[in-house]
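Here you go, one structure.
Chain IDs A, B, C, D and E follow the sequence of writing; residue 1 opens each chain.
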Amino acid sequence: MTKPVLEVRGLSKRFGALVVSDGIDLSLRAGEIHAVIGPNGAGKTTLIAEICGGLAPDAGSVHLNGRDVTGLPIRARAKMGLARTFQISALAMEDTVLQNALLGALGAAGRPWRFFRPVLSDRSLRVVAEAALDRVGLSHKAAARTAELSHGERRQLEVAVALTLTPTAFVMDEPMAGLGTEGGARMTALLGTLKHEAPILLVEHDMDAVFALADRISVLAGGRVIASGPPDAIRADAAVREAYLGDEA
Amino acid sequence: ETRIGMITTLSGGGAALGLDVRDGFLLAIAQSGRDDIEVIVADDEQAPDVAVQLADRMVQSDDVDLMTGIIWSNLAMAVIPSVTAQGLFYLSPNAGPSQLAGRGCHQNYFNVAWQNDNLHEAAGAYANSEGYTNSFILAPNYPAGQDALAGYKRFYEGGLAGEIYTQLGQTDYAAEIAQIRASGADSVFFFLPGGMGISFLRQYADSGLDIPVIGPAFSFDQQILQAVGAAALGVRNTAQWSPDLDNAANVAFVEAFRTEYGRIPSLYASQGFDTANLILSALEAGHPTDSPDAFREALRAADFASTRGDFAFGPNHHPIQDIYVREVVQDGDIFTNRIVGVALEDRGDAFAAECSM
Amino acid sequence: MTRESFVNLALLTALVAVPLWAWVAGEPFTITLATRAVIFALAAVGLNLALGLGGMVSFGHAVFFGLGGYSMGILAHHAQNFLPLYDGLIVIEGTKSMPVIWLVAIVVSALAALLIGLLSLRTSGVYFIMITLAFGQMFYYFAISWRAYGGEDGLSIWVRNDFPGLNTLAPIQFYGLCFALLLAALWLSARIARSSFGLVLNAARQVPGRVETVGLDGQRAKLVAFVISGAITGLAGALFADLNRFVSPTMFSWHMSGELIVFIILGGAARLFGPVAGAVLFVAMEHVLGDLWDHWHILLGALLLVIVLFARGGLIGLLAGKARNHD
Amino acid sequence: MSLLRLENVTARYGAAQALFGVDLDLAEGEVVALMGRNGMGKSTTVKTICKMLPAEGRLIFDGHDLSRLPSHQAARLGIGLVPEGRRCFRDLTVAENLIVAARPGPWDMDRVGALFPRLAERRGQRAATLSGGEQQMLAIGRALMTNPRLLILDEATEGLAPLIRAEIWAVVARLKAETGLSILVIDKSLKELRQVADRAVILARGRVVWSGEMAALDHETSLRHVGV
Amino acid sequence: MSTILIVEQVLNGLQFGVMLFLMAAGLTLIFGVMGLINLAHGSLYMVGAFVAATVAAATGSFLLALVAAMGAAAMAGALIEMTVIRRLYHTDHLDQVLATFALILIFSEGTRWIFGSFPLYLSRPEALAGSVTLPFGIEYPLYRLALIGAGLAVAVGLWLLIAKTRIGIQIRAGENDREMIAALGVDIRTLYTFVFALGAALAGLAGALVGAIQSVQVGMGEPVLILAFVVIVIGGIGSIKGAFVGALIVGLTDTLGGIFLPELFKLAMEPAAATQVGASLSSMAIYLLMAAVLIWRPTGLFGARTA
């Protein structure tokens, strides 16, 4: 078995009396989509923040490509190829869609300290940005101001920015949220191809998408992984049904 | 035709001074009945850069022949050197910074009010005459404040119970008053112009302290006294002028000013009035632009009826004059000053020796 | 050509034509006024790099304006009095050469901006406004009580400093110098706004979290912008001192910082020429209204109010319509 | 009798027109689904009803002409909004969020607490620190606390766990059955909408392209305009 | 330096702090709670002082003067809220700075137009004249003690209003999302007018109270305004508790710094120089303090919210 791209060991975090991460072990291997599901407030977004930086765990470690990144800032982890999408869109609303994508390309290319050359005339960056927009189906809106996008379109842009990073691993927080059925279907298809470029840690409440996409599923409840395994096993797991799925599956 | 440029403070916290200088000045011009004199008045907002800009305008566009009006030393320092360097005359009706009295003196610069230290020096002399030996002295922490304390100490011979610099613009003096109370001082000298002085005097009166207070006239001008109210009654202050000064020119001035503007003139009004009369007297001898030497000589002679009585210029073109001690009294419901003595006679200033002109 | 670039061009034309006309017509004071406006514009263009592009509302830019002013004041003061500036192992003399003074002004204010920025950028939003104000006040009070260089009285310079090949005492020549520097600063900000750096800065203002997650250092971008901004404003300060041949602590006062902000909003924040339009309009209003009425501040206030309430996006916004994206 | 009626409503964001003459009718006690793909004007329609966006055309609620009313008066007529994106008051606690706009009626703290026990546990927590799903519950609870006659749910189940989502649909069904509350609901899950809604209105590019009984919504139409 | 003097100075610092709080409370209500930078708050302080001076001169009653000052300031506040401020809530801070800066110009010059450039007279009530003797033989002016009391009462009242009442909750909600609170049926417009008027009334009250021991003149509001901003920033914006603690800290720092810093420098320098250096440093003290607090805690002492 290959070494996991991303590995989380014994991650713990508490806010006061509330334990939000309780000794979480997780791994993400090349080529897979590993879905993390769980009730609201289970600690999924918190887990992502600990993985991507921005929130320091009380205990445990995060390894990326075999390197311990637990103490590193967000920026350093991003440079090492960790691409995150936000549950609540974090986009530069005054800028155009293209400019948002360019920002990602710029980060990936690692050359922000250019003061004179117009960024829009940088062909290599544009190619990356436009390709990403194309893949999420936003090319036709490239020149629009981000503030003018509908909610669903913003979700798509959120993923496009992550794409521009050509990352070694994706960490996505509810990319389907707010997408219509059709948009959701497109996103599902997109993620299905994306995973061959870089594995995806996917937090999602859309069970249709999760069961269609995931190679492995971990279920988080009360900050603890209560089950982990292939989709069919999870679907059948009684504890998971009780804690999360209900009659859905 | 003579054009006089007057840059003075007509808006902002210090406007009262500028308004009085202007009103006194214009009164004298009006009394002269001359219609070949044009006075161009502009508001410097008490900001040096605005004053500089106005000076440029008056020199460059308005073609003035001489200038006057500035109230504050920092504005004076910004404007006067360059004005005199361009060959114009400047007559200061108020500000008298030491630099311009000493090494920076200039043949075209005349001060018709005082050198900044004069009133403080007089306060020091007065403290001696009262037999004070342990003064507590305070002033804001800026050059004029530092000069004030130095001026006081120049003549004062006793010891100091305390010496403090307050913050410029401070309005609460409870802490300083507590220090004064604890210091065992036998007298208090303060220099706190404008609103600072109002606050200090009222809070001092409220504190129940009865150590005698001395200050320069700046905290006791006509308008400030009305705002201080009874708290100032009996306080001694030093000035080169007072509304009750008994000479013909002054009696006529006070009367005319009251009729014209409906208020008792202040120190500043008298300075503006004197400045204008000095100019008028010199214009008889020559025009400032056409015959500057004659005009300058006439200014030096200072042959005009000053509201202060005797008036002469020293070698550095700063006044040699008597400085009085006044007391705050109540006259009807108006608070005003009355002369109670002379602190310094025929006083020139400490910097004249440094001036080589 | 968009309407905005048309407005900008008209503004530039006026800034060339009016002083030239004044020169020919023998109205030197108009040139002085224009110089004042252009210097204020330069200072505000500097501030706008931090404020418009980086979202750093600095209420303390008077620090750099004042430092520039004092750089000029102190150097020229020593030169005119033939006192060495530093007399130890090596002797440093004052100078009356503008290029040297400018360089010193730029370096000193850039260093100060680096230090202030480093500390202030720990905060954001309103806290940033206030901490920069705090630094401004510290410099102000320091300058007031700093006797060696005049304290509140300030420092006077008898003659304007020199620039090789020019007679700086001729108003039109000094104006030309200031105007050229303004153009250079505008060119610089225009380039920066469109550059990679500008993109990062712009995003760091809107979504700091996002910038980090794509591997970019938004905070450092802001700091660099703040330093460039401070340096430009410092340069303007040196020119302003030379215009007045005088420096004083009022250059450090919060009114000064406030006025710089006012110029920007008046002209239109986030517009390249906003600060220029604002400074010109403000200086013109000051001049015209001042002659109308003793209480002209009321008129000025009313005019400003009308502009904020009814001309969103400032003067340029009013003339050129809604902002468009530059692409 | 119709509770809410929109006739020929148009709305714009600056220069961009988003609604082109929308008609909509919702009777007392009825549940109407507003459907359409992303960006077709569903939320915009909601904003015009709540007077958060100026609109032209006729907007009638319970016989009152909404067009003249400011936002808060429209709400007081009995419109309760669960907005897209939750929009909880970040710096208020859970309890404060619930009582901030409460108006008297059957819904009170206890009843909302019973509906969402998770909120009851976190009464003192600042809304900004709630999980996404918890914030969604809070937004629903907050709207219910105003005891509205018309509840508008704009993507109210977005980001919720299946179990809770099912609960919310159950709540909607119960509200419909037991209280006769009128509901205008936007959601992406056709399955759930089919179960709960009486009628549907489908928007495309700011225009109503289909409306009718939910049962009459055929597969072809839904595929064309909604994507499934 | 005797203990009595130190205690007295601490009292002075407290009193100054409490006065600052009256200003800061109104400002924090408007600035923190409604998210509006109101530079014109100092003008309302000035309005309060001028109205109080005028009414006191006409009627001779200090109490009436206080009431009139609060009323006039509240009315002025409501007026500018309805005509100007209301249009600024949804704009960014920059427009607010410019608009309220314009208001300062109008208020200051307007006041000068009406009342002239000369300071006015306002005396404290006779009933509060003189000093009281506190434990340990400390003599302290009664009026200043009354100021401390009035400030404390306002502090408690305001805290209750904002933290405990529904109106307070609605106001805070309005700052987070004004559009949303309106869509839930709260008349946020009227509420904001009320808050603005309340903040203005507090400023007017402060102006009148302080005017009785200081000078009532045009421009008196500006230095206080800056200090009040310092206070709320140190305390953390939007927090009444923060404004209170911040006001006391600033009051004490300013008062005690002016006294002790020169003394401190006298240990190492000759007295005249020490006095001057100490005074320079003490005028910067509160700004140093503010910078230090913000560097240590970027959102102030009690600023919970994300900036």
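Methods note: a residue touches a chain if its C-beta (ideal position, glycine included) is under 8 Å from a C-beta of that chain, and two chains touch if they have at least 3 such contacts.
Worth saying up front: this structure is predicted, and the values here are computed from it rather than measured.
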Each chain counted as touching subunit D and subunit E at once: none
Between the pairs A-D and C-E, the one where more C-beta pairs touch: C-E
Centroid-based (C-alpha) most distant chain relative to subunit D: B
Rounded Å distance between subunit B and subunit D, as computed from the means of their C-alpha atoms: 74
Distance between chain centroids, defined by C-alpha means - subunit B, subunit E (Å): 34
Whole-Å gap between the CA centroids of subunit A and subunit C: 44
Centre-of-Cα separation between subunit E and subunit A, whole angstrom: 48
Multi-partner residues of subunit A (at least 2 other chains): none
Multi-chain contact sites of subunit E, meaning residues that touch two or more partners: 109, 112, 276, 279-280, 283
Shared interface positions of subunit D, touching two or more other chains: none
Chain pairs that touch, as defined at the top of this document: A-C, A-D, B-C, B-E, C-E, D-E
Interface residues, subunit E side, partner subunit C - complex: 31, 37, 84, 87-88, 91, 93-95, 97-99, 101-106, 108-110, 112-113, 226, 229-230, 233, 237, 276, 279-280, 283-284, 287-288, 290-291, 294-295, 298-300, 303, 307
Residue numbers on subunit E that touch subunit D, as the complex places them: 166, 169-170, 172-173, 175-177, 179-189, 238, 304-306
In the complex, subunit B residues that touch subunit E: 11-13, 15-16, 19, 141, 146, 163-169, 171-172, 174-176, 178-179, 182, 194-195, 198-199, 202-203, 206-208, 223-224, 226-229
Parts of subunit D lying in touch with subunit A, wherever the complex brings them together: 13, 16, 36-40, 43, 84-85, 118, 129-134, 136-137, 155, 158-166, 188-190, 226-228
Touch list for subunit C against partner subunit E, complex: 51, 57, 119-120, 122-127, 129-131, 133-135, 137-138, 141-142, 144-147, 254, 258, 261-262, 264-266, 269, 295-298, 300-305, 307-309, 312
